[in-house]
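We call the chains A, B, C, D and E, going by the order they appear; numbering starts again at 1 in every chain.
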Amino acid sequence: MDKCIAVIDTMFSRVDMGAVAYETLREELPDYKVERVTVPGAKDLPGAARRAIDYGCEGVITLGWIGKREADKITYLVSSMGLVMLGVLTGKIVIDVTVHEDEADNPKDLREIALDRARDHARNLAYMIKRPHDLVKRAGKGVRQGYPDAGPII
Amino acid sequence: MDKCIAVIDTMFSRVDMGAVAYETLREELPDYKVERVTVPGAKDLPGAARRAIDYGCEGVITLGWIGKREADKITYLVSSMGLVMLGVLTGKIVIDVTVHEDEADNPKDLREIALDRARDHARNLAYMIKRPHDLVKRAGKGVRQGYPDAGPII
Amino acid sequence: MDKCIAVIDTMFSRVDMGAVAYETLREELPDYKVERVTVPGAKDLPGAARRAIDYGCEGVITLGWIGKREADKITYLVSSMGLVMLGVLTGKIVIDVTVHEDEADNPKDLREIALDRARDHARNLAYMIKRPHDLVKRAGKGVRQGYPDAGPII
Amino acid sequence: MDKCIAVIDTMFSRVDMGAVAYETLREELPDYKVERVTVPGAKDLPGAARRAIDYGCEGVITLGWIGKREADKITYLVSSMGLVMLGVLTGKIVIDVTVHEDEADNPKDLREIALDRARDHARNLAYMIKRPHDLVKRAGKGVRQGYPDAGPII
Amino acid sequence: MDKCIAVIDTMFSRVDMGAVAYETLREELPDYKVERVTVPGAKDLPGAARRAIDYGCEGVITLGWIGKREADKITYLVSSMGLVMLGVLTGKIVIDVTVHEDEADNPKDLREIALDRARDHARNLAYMIKRPHDLVKRAGKGVRQGYPDAGPII
């Protein structure tokens, strides 16, 4: 089988972050097969990521969208915990990209945040696979995804 | 053994979501045996889902009902965490449907939310089993279960 | 060995819920050995439940008592999470009965809640072992333990 | 190897709870080797407890100290969750003793709470190893560690 | 292979804590290879720590940086939970160093806290590897990293 990575997003999301992550990874990792999977919501991401790893993928990027209610924050906790545990149990690279609806009042701003974050983290995944040691140069630089970089405190 | 999926709901719930999920899955997956199981409350769902997977089911839909107290939110967290970990550990499809009593002031509204959500997620489970790649078409569309779709941000 | 189930309660509790669960299970499951174990507090329940399962028990009922402070809510979360994970990892029936001190202002009321809940959940455990399919009849009926049933929303 | 139990405490703590637990266990379990280990803070306790179990210890008592900030409550959650999961995964006795800095305004009071709780839980550990069935007599008695007993509700 | 330990930090951090931890460990453990790894953010630390352990490292120090929003606190919980579970599952030493942006109003103060904490915990890791029993002398001494020691309550 070709080397493979997976992009997993949700129907719940109001922005097609998966498409952006997919295109970015196709460009950045031309010798990888990029699997694209969509699940209903954020709590379905960890199980789907597990199936992608079982299928043979070296890395997974998940794209979650979290509502504004208190219960939604718990959903975020549960989904991210599952993704972290998947990484702990398998040692595979699992990048958890999450957008929270309360990050912006304006839907257009939220859309920009979501698309930027998906693109930036897809690039991060490509780096972690191709040139992991290069990331050390960016250690402590206050890099952000979906916002301008905060920069280092000098 | 026939191919099988499981519907697991609770006595605690004030709406018979399990019946709706059961009927929907019988229609959508006519060649599957649909196991129906009822447990006392939401914290009993993950263990019962594990037993359904041990029995041979490919997928499980659980239907939880969560009260209004602070302790109930913790119950939601714990139940959903167990279901997510079950998916991470087994790779099986586990759809966690949860209704929160504070989603509506009016019991009738709550009933509608619960029945719609159970039906919509049962269809999602059927899609994930029969035509998983079709869901990509709905990525980022702001699909909701139990509420009108939020729609994509354009 | 005889078939066995376990009742595990705490010294921290202010009501002897374990005695009620024990008597109820002796009546409901006369052909089972009922192991009774007491541990200091709620965080000791999951480990003791694991030992009861290792000993050969098919099912476990734990009876926890949670104080009013913020830290106590975290204790509830941690204890229940351990019990849910035990069910996920072993597939055994683990019924987590918890009483929160802030459920009633009056100690006598709290006592009634605790005793009713222990008895009702011990019966639930017996049902889950003897006649699991009977519980489907009670799905969505708003059944409560320690309070009057909320009933179904019609 | 001799039978062994472990006492694990922290440098972060402002009271030497480990010394009290160690002395108590030496008295209560004279035929056991008592390993004493100190780690930086509460999040280091579960890993150290795992190493003590790998070393051959039958039981572990950990002594954590938690600050007043919101982030410290999360630290408590994470540390206790790790200790509970260790018990669930290994079946060994793991007693998690925790003191919260917001339990008393006065440092001297906090010191008394810490020392009493360490001593009382060390005795609990000894009981759980030597005479586990004796603890049933204290079920539901409202026993406290670090405070006067709340007593049973009669 | 040489004996090895790993330093894992993030691009998200606004201070290069990894460099300080790396230099400290090079001095304190001259016969160890010190692997340095950088990942995007705190939720990527547990998976990277797992890979460092698979690679053969005896111990890992992770350096996380947590923002001020409510969702960031959940990120802290999830990241630390993964690191604790890694220690529970592998028995390896995993030191989780975290700086919270709300620990100081002034960026310069935050920088001092971060650098001191990274250095102090790197020394703790070296102690835990070279002279674990020496740490017992500091039990209950109110030792802090990034702040002045609180000292023991006498």
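Everything that follows uses one rule, which is that a residue touches a chain if its C-beta (ideal position, glycine included) is under 8 Å from a C-beta of that chain, and two chains touch if they have at least 3 such contacts.
If you're wondering where the values come from, they're calculated on a predicted model, not measured in any experiment.
The chains in contact with subunit B as well as with subunit C do not exist; no chain meets both. For the pair subunit A and subunit C, the distance between C-alpha centroids works out to 39 Å.
A separation of 24 Å divides the Cα centre of subunit A from that of subunit B. The set of subunit E residues that touch two or more partner chains comprises 77, 81, 85, 89. By the touch criterion the chains form one closed ring, and its order from subunit A via subunit E is A, E, D, C, B. For subunit E in complex with subunit A, the touching residues are 9-19, 36-40, 43-44, 46-47, 50-51, 54, 70-71, 74-75, 77-79, 81-82, 85-86, 89, 107-108, 110-111. Against subunit A, the residues of subunit B that register as touching in their complex are 66, 73, 76-77, 80-81, 83-85, 87-89, 91-96, 98, 100, 121, 124, 128, 132, 135-145, 150-153.
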